[in-house]
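Note that the chains are named A, B, C and D in the order they appear, and that numbering of residues resets to 1 at the start of each chain.
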Amino acid sequence: MASVRGYFHPKTATGNASLIPTPPWHYSGDLLTVEYRTDPARVRELLPEPLGLAEEDPGAVALIWADWQSCAASGEELLDPVRAQYKEAFAVVRCSYKGRTYSRCVYIWVDKDFAIARGLHQGYPKKLGSIHQTRPHPYGPAPRIEAGARFGATLAAADRRLAQAVVTLREESESNGFVNGHPMAHHRWLPSIEPGKGLALDELIESGAASFEAGPAWRGDAELELFEAPTEELARLEIREPIAAYYRQVGVVWNGGTLLESGTSAAE
Amino acid sequence: MASVRGYFHPKTATGNASLIPTPPWHYSGDLLTVEYRTDPARVRELLPEPLGLAEEDPGAVALIWADWQSCAASGEELLDPVRAQYKEAFAVVRCSYKGRTYSRCVYIWVDKDFAIARGLHQGYPKKLGSIHQTRPHPYGPAPRIEAGARFGATLAAADRRLAQAVVTLREESESNGFVNGHPMAHHRWLPSIEPGKGLALDELIESGAASFEAGPAWRGDAELELFEAPTEELARLEIREPIAAYYRQVGVVWNGGTLLESGTSAAE
Amino acid sequence: MASVRGYFHPKTATGNASLIPTPPWHYSGDLLTVEYRTDPARVRELLPEPLGLAEEDPGAVALIWADWQSCAASGEELLDPVRAQYKEAFAVVRCSYKGRTYSRCVYIWVDKDFAIARGLHQGYPKKLGSIHQTRPHPYGPAPRIEAGARFGATLAAADRRLAQAVVTLREESESNGFVNGHPMAHHRWLPSIEPGKGLALDELIESGAASFEAGPAWRGDAELELFEAPTEELARLEIREPIAAYYRQVGVVWNGGTLLESGTSAAE
Amino acid sequence: MASVRGYFHPKTATGNASLIPTPPWHYSGDLLTVEYRTDPARVRELLPEPLGLAEEDPGAVALIWADWQSCAASGEELLDPVRAQYKEAFAVVRCSYKGRTYSRCVYIWVDKDFAIARGLHQGYPKKLGSIHQTRPHPYGPAPRIEAGARFGATLAAADRRLAQAVVTLREESESNGFVNGHPMAHHRWLPSIEPGKGLALDELIESGAASFEAGPAWRGDAELELFEAPTEELARLEIREPIAAYYRQVGVVWNGGTLLESGTSAAE
């Protein structure tokens, strides 16, 4: 009986063409995080039932830039780095579900197709963007990771700049921020192929890192700007009050999640 | 009760950020098609049960380049053309399902994120690629659409060239080829978020153009080359015998499809 | 005696690696032109002695988008179209030199390296950008070239949008505008490799099309916006008064120019 | 008297639009170097009189990948990193001039326009390419800089892969290779705007780093492959015998060079 293989499309006889391999997926990267408070109503409007606002600090937002190298178990992508390297920028809020606090990515842009595919699986609402962040370096004019160091970060999509930040590090920090610190509560949605029939896939899932290692977190402050664009709503998460900014180098493993519920979205 | 809107992710209060708008979707474009025969076993291995080989000419393959401008009902994308223009290259085979012949796209590369999102909805197994095809033009050195005109077409992904063709037009033709002429039978697959639990979405769907207009088709011949790459299997559809090549300018509307069956894939 | 060959760098034993081949260069393309008046002082400040303002309508500016396919004598680039196709957006003003009126490109962005190299030769001050313009098409939602047709055009560089226009065609026109209608008076400048020693190359040259064919020009009107960016000065050519917009399909040959004078620039 | 400003084009009243600022230019980056021997005749054919083959090891070639962040004196590019970050891959040989040994870059690909402009000034024969190299990272699957670490590097242009390498580090090393260790002897060439009149700019210049700092160099071995392409000649520098591979993090300042001679090239 004929079958096809591969963790993702295109599925083939060998599975070799799959856009993404079977998890676990391994990541090395640098995270630049800017946390601020927006109007909690702007967070609430992004949370479909049964999700609600987090009880504490419900208007907190983290806008995070990440510069990644990633691979599956074999690690072969690292040796053909066009297949391993990507950058992303994403906005995270917190929400509550059945009395527990979750993080939730509400907007995200990446610059590679394998990252889009992973996002479909993990419930990250990925688009393509152009993302840049200053890299630390031990020599020359680029910053070291130290007090006073300054890192820039920018995001554009469809030839428009959507966000830019300049972060100045001040001191080592216990935490790397609190908004993106919970398990993620994400939806996986796909419309029915038949017009008017609603969603064919409608899942609320939970996931998080299977393992994690990291260097010291650094805390600092940020100048952050968000810009309007006709097909983006990031700037609706308007900046009311800065919280702090963070820099941290991390190693992460992701290996799946848990289905929380299915077929119940308050999504149109 | 809180809800969110938008045909696709990210779903928001307004729906404006959705990566793709609600169908119908309208397309203007040029199709360059190269048809050839491969070993039918190489086609069969891409067809999971309950699909089988087409009865007639089961090894026929169409490799198609398309240069598109697309939009939803408002047409606003056409006036911000970075949001309307994209190119794609895709391989189509035929298959049989319940006694009927379908076309099926087995590999496809596009160069924009909205095209990837549409493909997820329509069951096209899209990756990002770099796609180029000669454009006809009424003045200067570019070809007119006429006998003797020559058009080049190339496909690359992950910094490797995967395919290239040079097509010479010979004469107007009744058809634009036969491999991509049936309704499409596609799978929509997404793995479960929980490791080892198989597929969360597993649909066999049918779709095709809701309306179609076109100029005259031109028939000619092609020099076609396929190249190996570590993460691609297009070259397994090796060229045994050329059939013909075609060029046609078309206008197409797509407006959904039909669910054929669900949860029955012979896919691992 | 050892020599190297090639019209441009890198020069080699065969000349095959040259970034651009020997002229003549042949072009097929579509021109979308938006003409408007700015403060003549903003034009004058871009014209080093011995150039001066044009006598008539000295504040006229043309912002032009072009969608090209180009090749040298063999035409082989057209069959590997990644080497033939490029887009550009450029700002043209007029100037006077020894009593004659010239056109002069003061800013230009292109999206391919061979176009940058040609610009170095021709005195176009090219940078890389992301350029898009709506393409006419005979089928589907894209516009035909006819009264009422609307074309969008955008320019971005360094992840910022710099300009955007929407042009509506009204009627066929005798002209395709007047700002870009003269021979070009361009400088070719390169600083000395030795600090503080001024210019190593300092030429004022004249060039224009060696031959030209075209379809009918269409005249219409434009909504044009220019945006500020930290490393660009296009928006200094602020829009005081619209003139008109134009659309035309052309075929052009370029085959060198004439040295007007050398070593005399009022450039620092 | 009207003048214009700016180190490079476009020259304006303020100089702010110049594609590159006045040197000195500051760089932080990682260099991955693969040295090997080719047929000395293939090196000689790239050296126009008065340059000759180096006396010792005349067939030695260095193929170098570099991952840079760069800026001028203000450092502002580092905070808008799309303007600071670029990657390059380049082939270096050695040559002799008036009894002294020089390094000479014979092919180079970069991925930003400001890097192309600098190359024009410095005599590097730059084209655009797509360049990737594995980055060291202290956490997760990416390599540390240590014995046994493996780094991949790839180069593509015009949608074709031109070179790829996998380097395995073995031990710290006194040197970072010898081929790129001399002052650079480069030509700056531009053809006359008038057909048949030869070169308008024809300079042999010398330049090198104004200052340099670096971490320890690591030595290892490489698997290197070069691929043919219709417009490239890198693969003519065929690999006869591997020498070694190196990895080093560096900080560099460049601040101009010296004119050696002018108007004497044996270049056609």
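By definition in this document, a residue touches a chain if its C-beta (ideal position, glycine included) is under 8 Å from a C-beta of that chain, and two chains touch if they have at least 3 such contacts.
According to UniProt, the chain labels map to these proteins: A, B, C, D = Acetoacetate decarboxylase family protein.
Note that the structure is predicted; figures quoted are calculated from it, not measured.
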Copies chain C and chain D touch via same or different residues, half shared test: same
Reference chain B; chain at largest CA-centroid distance: D
Chain centre separation (chain A, chain C; CA means) in Å: 40
Inter-centroid spacing, chain D versus chain C (mean Cα positions, whole Å): 29
Distance from the mean Cα position of chain C to that of chain B, given in whole angstrom: 35
Touching two or more other chains - residues of chain D: 80, 82, 130, 132, 154, 159
Chain contact graph, described as a line, ring, star, complete graph or other shape: complete
Chain C-facing residues of chain A, complex: 130, 132, 154, 156, 159-161
Footprint of chain D on chain C - complex, ascending: 1-17, 19, 23, 44-49, 51-52, 76, 80, 82-83, 106-108, 112-113, 116, 120-123, 125-128, 158-159, 187-195, 200-201, 203, 205, 207, 230-233, 236, 255-259, 266-268
Residues of chain C defined as touching chain B within the complex: 26-29, 69-71, 75, 78-82, 84-85, 130, 132-135, 137-143, 150-154, 164, 166, 213-215, 249-252
